[in-house]
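In what comes next, subunit A is part of two complexes: it sits with subunit B in the first one and with subunit C in the second one.
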Partner chain A sequence: MYIIIVGGGRLGYYLTRALLDEGHEVLVIEKDATFSQIINNELGSVSLHGDGCEAATLEAAGSGRADIFITVTGDDEDNLIACQLAKHKFNVPRTIARVRNPQHEKVFKKLGIDATVSTTNLILEHIKHELPSHPLMHLLDIQEKGLEVVEVKIPPGSTTIGKQIKELPLPADSILSLIIRKEGKPTVPTNSSVIQAEDQIIAVTSPESEDELRAALIGE
Partner chain B sequence: MEFHRILVPVAGTKADEGAIELACSLAKRKNKSKIFAVHVIPVERSLPLDAEIKPEIGRAEDILSQAENIAQERGCAVETDILQAREVGPAIIDEATEREIDLILMGVTYKKHYGQFCLGDILPYVLKNAPCRVILDHQIDI
Partner chain C sequence: MMKVIIMGCGRVGAQLATLLDKEGHQVTVLDTKSYSFRWLPADFKGTALLGHGLDEVTLKKAGIENTDVFVAVTQGDNRNIMACQIAKHIFDVPKVVCRIYDPLRRDLYITLGIEAISPTTIFAQVLKEKVEG
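So, the complex of A and B:
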């Protein structure tokens, strides 16, 4: 696969190294000539000095044959413009943008960016996972379908413990896919499955029904 | 000083002939010396590295066969190779490392860029990164 990365900072550097190790053809576009040279010296001829927001640079980078275009600069605006250029001018099939401000994620999605990665949200999800007051965690966004895979932990003392799944007022667009019991045994949930304390339930839902699903499963 | 494995990057310039001649005379000092002539085709990023660029390959073959003829006239054998790379300098260094070369011999012309003498990008890169000795052969009459 030919992967273009815009931004040769620490994130871009380590991402490039990991993708090269996986056997992909990778090119990093970096604005700063010194950083670009450092990457070339350390990883081989994989860096192009230039502005990833300029069509001429993307042309020189061979964006027309790229399979994936990733932007990881520190500026959301640059990441958005570079991804849009790649998507609409060079028809790159998959664009992925780093988003610093989580409020920008919706705008990126509306403007056609295939996937966004928000470090703030990632850290927040980990915090939620560690805190019993946040029993719902996002595992995966299926953005093009408007769905997400979430994990709900049943806290001890939850009013749904001992109830069968058919008794729970689950949202219509949510499906429970897996229950992982306290002792680590995974089972496929059926209508007669009984909720137990510290179950981890993996579900597919829409972002709109997320709160309703959590309330149905933990009994708020 | 004796060299056992000599790499001569050729680019199709007038300096190639002198570089091959010098490589032959250095190789003759030691009977078992080997000469490798390589031509590097720079491949644009818009193409995959292994793309078959026919006009460039044809030109490279002409350049290398000319190098072979020059060496034959001086009683030496040359092993030739065409390389495709994103950048010429790193390709020469990789080749020198891979073939365990002990001398890189490059012909240079006196180029001027905006009225100033300029070595270009490739020669400084090779001088900086070569894993062996490097001889730059500048001929007065070209």
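So, the complex of A and C:
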């Protein structure tokens, strides 16, 4: 696939390297001549020096034949405008934008960006997961369906320990998919599965039911 | 009387705010630096609000939910475009006007339904007439 990346900072650099390793054709557009040169020296001539928000640059990058267009600069507004340009002027089929301000995710979606990745939210999630007071972690957003895959870890002392799944007041739109035990193999939960301390339960849910799901599983 | 939010209190933003304020409109000017508000006259009756125009909390504080007009005149084309799209598509502001220096970018966003003005094009035209006149 031909993939264009806007932004040759640290994220752009490592993304380019990873995509090149997978065998894709990659071009990084970078505003800073020095950064652009460094990428060209280290990764082979894969960087174009220019402003990814300008039509002339995207033209020179051959955006018309790009399969995916990814923006990873540090500015949300630049990421949005570059993606819109790629989408509306060059008809790139898939646009992906990095978002720093988590509030902007819904803005980007409303404005037609195909996928967003909120780096701030990702880091927050991982830090929260390390805190004992936050037993729920987002593993994956299924953006098109409005669903998410989450993991709930059962803290020792939860009132649900020893209970069967069928006894728990689970939200109707949440499905428990997997139980990962401290010992033994992961199992697919059934109605008669019994909750144990330290279980990691993988579930599919709507974002609205997330709090209810967590409360049902750990017995708040 | 209209409610108007102006994002960016530079020379243009401040002068527009002053004009509309004199005509009795309810004006709120947004800027990220309080130093920018020095452009506003001492008798300015509107609101000068410190904050980022791409931030939903700031926009709500500025009263975007019931404003009649939103104008974006910061130095950044992309910032102006993004703010105007938020005003138009998220908050349904009836009239949204955007300054875009880059004429090509302006053309694209006109086709996407954003009312945009390019001072570059207008000023070049004025200069051309001066030169020829």
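Methods note: the second predicted complex is superposed on the first by the 219 of 220 C-alpha atoms of A that agree within 3 Å, B and C clash if a C-alpha of one lies under 4 Å from a C-alpha of the other, contacts with A are read in each partner's own complex, and residues count from 1 in each chain.
In the analysis below, contacts are C-beta pairs under 8 Å (C-beta built on N, C-alpha and C of every residue); 3 or more make two chains touch, one makes a residue touch a chain.
Note that the structure is a prediction, hence the values are computed from the model and not measured.
Asker: Put subunit B and subunit C onto subunit A via the superposition and say whether they clash or fit.
Answerer: fit
Asker: Per the contact definition in the header, classify A:61: touching subunit B only (first), subunit C only (second), both, or neither.
Answerer: first
Asker: Let me test your reading of the model: by the given contact rule, A:44 touches which partner, first (subunit B), second (subunit C), both or neither?
Answerer: A:44 sits against subunit B, while subunit C stays out of touch.
Asker: Is A:53 in contact with subunit B, with subunit C, with both, or with neither (first, second, both, neither)?
Answerer: A:53: touches subunit C, not subunit B.
Asker: Please determine whether it is subunit B or subunit C that touches the greater number of subunit A residues.
Answerer: Per-residue touch count on subunit A favours C.
Asker: Please work out whether A:25 is in contact with subunit B alone, subunit C alone, both, or neither, and reply first, second, both or neither.
Answerer: It touches subunit B, and subunit C stays clear.
Asker: Applying the document's definition of touch, where does A:163 land relative to subunit B and subunit C: first, second, both, or neither?
Answerer: The answer is neither, since A:163 touches no partner chain.
Asker: Per the contact definition in the header, classify A:138: touching subunit B only (first), subunit C only (second), both, or neither.
Answerer: The answer is neither, since A:138 touches no partner chain.
Asker: Report for A:85: first if it touches subunit B alone, second if subunit C alone, otherwise both or neither.
Answerer: Only subunit C; A:85 stays clear of subunit B.
Asker: Nearest CA pair across subunit B and subunit C in the overlay: distance in Å?
Answerer: Distance of closest C-alpha approach: 20 Å.
Asker: Can you list the residues of subunit A that touch subunit B in one structure and subunit C in the other?
Answerer: The answer is that subunit A has no such residue.
Asker: Using the touch definition from the top, list the residues of subunit B that touch subunit A in their complex.
Answerer: 44-49, 85-87, 90
Asker: Which residues of subunit A touch subunit B in their complex?
Answerer: Within the complex, subunit A contacts subunit B at residues 2, 25, 27, 40, 44-45, 48, 59-62, 64-65.
Asker: Can you list the residues on subunit C that touch subunit A in the complex?
Answerer: Residues 54-56, 76-79, 81-82, 85-86, 89-90, 102, 104-105, 108, 111-112 of subunit C touch subunit A in their complex.
Asker: Going by the contact rule at the top, pick out the subunit A residues touching subunit C in the complex.
Answerer: Answer in residue numbers: 53-56, 75-78, 80-81, 84-85, 88-89, 101, 103-104, 106-107, 110-111.
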